[in-house]
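Two complexes, one shared chain (chain A), two partners (chain B, chain C).
Take a look at the complex of A and B:
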């Protein structure tokens, strides 16, 4: 008996080879941090990127293996592996590598890139994402989420200034609050249907359960996840935490959790998408997120708060797909996620650069800088177009996919909620036009306050930004390239 | 019949000789590219030697191709496809096209050698050889192409190159005007080519000449007679432009503003020859009615141009008129159906006309030097160096130029044992064979006499007697003593070209053109003189002309002679330009003016509408301002209130975060309860 268990555990290790590699990298990084190395930052980032690429390679190898078509449950029913989880793990690792490169190149991030714990915590967040997307059971899911959260709290706090301390403590308190709710909900869920939440039988058990408040319990259980993606009503921390953090940290806490948590929610949406109560409840939250995010972003003058609120608005758009079923909805979510998360660093990097060079923290500080920084400003306009969803960027297709899916869902199921969501999304896109173009307008159409000589963005920054911008531009001209690929993946959800 | 059909021509593989011919075509293109873009970065002598050696290579290759070709070989390859339309381009190598290739490259080589010295210190030198290369390659394109469409492209390129070269010294007002005039007259005629091309493509479905020839000879496609006539008329009209026929020929005398080597090339081998060449190639498209027109136009042109040369004092313009007149002979030959005679005359004319231009150019070069040298001595001679009234006496000082001139002169006026005699006889004979052409024949014979007259006059004034410039300006006496033969680069082409005017150069029989040895026409030459009286008549008319000129020339009043209205009329190109002014330009301006008035009326109407629109706009603005904008502002106000309420709810306090979340969760709880019941 014991022997079998041990055998099973040993057989499970090959599936966790990426996590093991991350742990080893974690230890090596700790050593590097302890000994005074000359190019510590470079060594750390190279190691982080290397381990991320190694992991991504491993996952891809498994993904392209024929045997991966079958679901594998390992580590005593705690984790599972499907082509979908493999694909998302690859994306998380790639995004982690991108974050590491960002950390190294960030103009404002001199403080961060020379501190070893930044990379340690980044690795922890990546590991948390991997654990949570692979989990088969509620406990590892919770652990993974907590790993991400706690690492994020420390990252926000690590600057040790009054602002960062305040942001971190708010973040921690609110995060603890949501975790508490999640744990409480888990205790209620346990007698209802058990907590092997991704087990095929779990959904049937849950639906057959006679517990009257089971849907509310599920919502409460989600609160920990919704907190990570800052969906209404778990969004209020976002602007304050962003405002208290540096851009290097914002890009980590804004991108990586979304990459991990949205696919998890997508798996549930695939299970419950046809249930009225689930769709109804979630739709209300999504609707509120879109409205709150867009209206609040309208009047932000602080750039970081504006980024935070626009992030909430984008979450609302992405979450629209969670209330629908079908491959098309899942495809649009993955498409949106990939385009959004892999192109947002470009915009953040430019804002980062402007802050380091011109102390541009408020929208007014950008006045007239377009003529001084032509390359950066033009690329910034491009990434704003991507966020709004204007051609010639892939963001256009992201929005088109979501809106057409909403419309076809409305036509198929005749559910008025979809129409309301669609109309709200269209209106919100129009509103977003205003706040996304606020900084480009200031860049190009307002007169400069200060006189500075014409300079141009530094080489490595511009290279990073341009390389990232290739993705949305390229996908705009060939969206089938990505969507055909995703169509294969979503078949395995 | 169904127009807009498309015949897919069969593709034919290329022979080795085709690649050699393509090399000949692309060598000047390469020269053009290299020289045009290196420009002034390489020295004048390098530039000249490069261009000249390339032409020399072309000449050798052309000789090789000509000697290798036996039966006509055609290559045809796909050019481009648009839908179901497949355009091909073809190259035909026959002894006819390759002999023309030899003529063109030989003359080009002579002109290049000559230009090396002649153009050495002239302004804008860096552009001269590239333009010349462009000119030659375009002409070679016309010679070799089998597709009328391709021919049209090269035809236009020839026009462009001639424009650039005629206006080569564009700083001179006359040169710029002459280039513009040549270009416009040519374009007017080229319009006809475009229409003809469209008609041919529509009704025959192809522009490949070989294919067209078989289609027409086998009568497999029946085209309405009107269309066939239109095609012939348009083709002939377009060649009238390029080959300078009445009434389009007025551009050619003005084109003498270009450098003399350019004139030699333009008159001998490239520009004016292009029209004749295309007519020879498209001979099968000419309908009977058109042949009649050709003979008459040719005769009229020959006579009119010859008359104009009689009272001309510009040494180059005399030659220009003689070219127009000789091309008239070629037109007549084509009209009688004897295209071989036309081609034969084209070939012989090319050599002796190039020789004439270059020898006259040698004299002009000397005159130019005299002017320049006296300018260096601070004496500015405001004289026209081309004016024959100021020349004279060059026989002794420049014997090579003189004897070269005399040889070419003899060929032009048709002295036996010279090439011109042979080719002119052939044309006159073929005119004589058709009794309906007795009047054109008479005009042609008259022209022979007039040609002899004006050429002898030019010979007399240019080379014999005293140097009249020195008589007018005593300061030039010093310079007169210094006159000597030109550089060997100028003299070698003169000697070579003088040799080519001897009749054995083309035919071993001195009186009959039946055994031409290398200048192969598309068909064997028919005719020659059928009766012994024709050569006797033409020779005696020539002699009368020469004698008359000799006796008149010494008596001719050079200045202040009485101007009869007839000569004024002749000197104004028989009023052709005035007719163009009256028939085309003034009516166009009248129409334009009328349209301007119409436009003003329309403007008033439009303005009235605009005022109305503005009035309406004010009303709409009022509505917009107070009604719609009010609503919009209301919405914005609402959104602002909503947004700020959200923001103020959670203004940075973690307690408020949690309370917000809890309130929402409570609301959801309430919502679930409602769902349950």
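Take a look at the complex of A and C:
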């Protein structure tokens, strides 16, 4: 008996090879941090990117292997592997590599790139993402989420300034509170439906179980996940935390958790998608997120708070897909996620650069800078077009996918909720035009203020930004490349 | 290879744009020369295409009715329940397009010639201008609505920047107003296109994509009628050829004429028709969506005003003729009275407002609104004369308004004052200028022998006949339109009287020494346009022979559709 268990565990290790590689890289990075090296930052980045690429390569190899088409459950029913989880793991690893490159190139991030713990914490966040997306059971899911959260708290706090301290304590209090709620909900779920939450039978067990307030309990359980993607009402930490952090940190806490948590929620939505209570409840949250995010983003003058609120609005958009069922909704979410998350760093990098060079922290500080920085400004306009969903960027198809899916769901099920969501989404897109074009407007139309030049633009910043911008532009001209891939992947959810 | 010329015409500015962006040019005027050469080549190609075009009577929006075709598959996007969106790069020319293509090439060339007033950030200006040189002809030749919308948006964005950066005192206000108006318009258009997408299917695309020889258009149509093809398996296309075919409407969809879906007592088809109509009327513009135009014109630099009045407004009219009427012939017929009234109100109201203006440029902007009313009236009439007049008005007004805005620009450049009351007896100081202004004013008020006369007389004839043929326009409405002609003559002649005749004197704020007569360059541009205005006024057959057959097929198409 015990022999079988040990055998099973040993056989499970090949599935966790990426996590093991991450742990090894973590240890090596600690060593590097201890030695006085001349190019410590470069070594750390190279190692982080290398291990992320190694992992992504391993996962891709498994993905292309035909045997991956069936689900594998490993480590004593704690984890599972499907083509979908493999695909998401690849994306998390690639996004992690992108974050590491960003850390190294960030004009404002000199402090971060020379400190070893930045990379350690980044690796921890990546590992947390991998663990949570692969989990089959509530415990590893919670552990993965916590690994991401705790590493993020430390990252936000590590600057040790008054602002970062304030941001970190808000983040920690909010996060710890939602984790506690999630754990409490888990303890209520445990005796009734069990907590093998991704088991195919679990949903039916949950639905058949007769304990009171079960939907409330499920909502409480979700709070920990919704906190990570800052969905209403778990969003108020976002602007404060962003405002207190440097761009290098914002890009990590804005991107990686979304990449990990949205696919998890997607798997849930596939289980509960046809249940009215679930759809109704979640729709209200999504609706509130879109409305709150967009209205709040309208009034921001601080750039970081504006980024935060627009991020909340984007979350609302993506979460629209969670209340629908079917391949098309899942495809829309993945398409949106990939386009959004892989193109956002370009916009953040330009803001980062403007802050370092012109101390542009408020929207007004951008006045007239378009004439001084034409390349950066034009690419910034392009990435804003991508976030709004204007052609010629892939963001256009992201919005088209979500809106057409809402429309066809409405036609199919004749559920007025979808129509309301669709109309709200259209209205929100219109509103978003105003706040996304606020900075481009200041860049090109306002008269410039006199500013001293602090640093000089580095070629690598421009290169990074241009390379990332190729993605939304390229996908615009050939959306089939991405959507055909995703069509295969979503069949396995 | 017959499409070779069209491809060059469309994409040559992209090459120039690269040359312009990559190189470093310190010599003043180099950038302008590049732009002028580019637009000149475009103009030559457009003229050659126009001359080579053989007018033929093929049914509207069929494969044969297009020439210089260039077709490349672009992408097919699966959209779940809504089937597959098939988008192709499809550009071609027909009778309607060729006239507007010719006009846009002329106006863009002239606009490049008068761009010398731009003094700062020239690189940005000419880059945006070259972008317009792609997107404006692109709008006219695109035969796929996806492509059309793309070009359409790419026309609005450079325009927004051109007004907002190189404009006058209130440029921000004007640019934002322009942007908001056109944005609302393009959103209405986009929403309508999406509904159009959801309500039509494309048997030809299905045949093309299936690749089987035993699948034919007929078999697919039969299968759709029998509902053996579900909506999620349909290939849909926004190709103009496909969406304007009544047989391509999916049975039971919103736009199915048999559908009984109603909101507030108005059928879904009518709603979409209204949305599209407003979307294009904002661009045209007509009352009550015209208020962005005077502001945009007053603030825009001369060359931008020329392009704006000369071609951008024409896209509104083009959209109505090409897209709205062929898709919704029945609704257009039902609404023809209302649309004709909107047109006539535009004509008369804008003429009266022009009469009250003191700013010369604002007066001309309102006269544009007034003249565009004739386009609306002509289209609403649904007769061969009416539509020919409408297209002729698009063409002729493009030339005349370009000329007028150049003339205002010439005066403004010298004195930085456009107030009509500040000038008297300019004839004595600037004789050549006065002669050209007189020609332009007379052309605009519709003097026989000038192109404006042909257009307006055709529209009026068409509108008077309308009740017998296709639509229902009361005679009274058309009679009111003629009042507009009188008022137009009034404000032009009065302005001529006040500004140019009599004893020379200027307001104290104007420096009389700056009032030089036309320079050689200005003479070349204005004489060229005067010549064209008179040419198309004396010999309307130059244009009408080439585009006439298309107008007849258009009317035939509408008449067949309503039977």
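As a convention for this text, the second predicted complex is superposed on the first by the 486 of 493 C-alpha atoms of A that agree within 3 Å, B and C clash if a C-alpha of one lies under 4 Å from a C-alpha of the other, contacts with A are read in each partner's own complex, and residues count from 1 in each chain.
Note that in this section contacts are C-beta pairs under 8 Å (C-beta built on N, C-alpha and C of every residue); 3 or more make two chains touch, one makes a residue touch a chain.
What you see is a predicted model, and the numbers here were worked out from it, not measured in a lab.
Bringing the complexes onto one copy of chain A puts chain B in a clash with chain C. Of the two partner chains placed around the shared chain by superposition, chain C is the only one that A:487 touches, whereas chain B remains out of contact. In the superposition on chain A, A:174 makes contact with chain B only, not with chain C.
In the superposed pair of complexes, A:165 makes contact with neither chain B nor chain C. Residue contacts after overlaying the shared chain place A:194 against neither chain B nor chain C. In the superposition on chain A, A:327 makes contact with chain C only, while chain B stays out of contact range. Legend: residue contacts after superposition of the two complexes on their common chain; A:408 is shown touching chain C, with no touch to chain B.
By the touch criterion defined above, A:430 lies against chain C but remains apart from chain B after alignment on the C-alpha atoms of chain A. When the two complexes are overlaid on their common chain A, residue A:474 makes contact with neither chain B nor chain C. Mapped onto the common chain A, chain B and chain C collide along 599-607, the only clashing stretch among 59-67, 131-139, 599-607 or 635-643.
When both complexes are aligned on chain A by C-alpha atoms, no chain A residue touches chain B in the first and chain C in the second.
Contacts from chain A toward chain B in the complex involve residues 169-170, 173-174, 177-178, 212-213, 215-216, 219-220, 223, 232-234, 236-237, 240, 277, 280-281, 284, 288, 291-292, 295-296, 298-299, 431. Those residues of chain A lying in contact with chain C across their complex are 326-328, 331, 371, 374, 390-392, 397, 400-401, 403-405, 407-409, 411-412, 426, 430, 433, 444-445, 477-480, 483, 487.
Against chain A, in their complex, chain B makes its touches with residues 639-640, 642-644, 646-647, 649-650, 652, 654, 656-658, 660-661, 663-665, 668-669, 671-672, 675-676.
Of all residues in chain C, only 75-82, 121, 124, 149-150, 153, 161, 164-165, 171-172, 175, 183, 187, 191, 194, 198 touch chain A in the complex they form.
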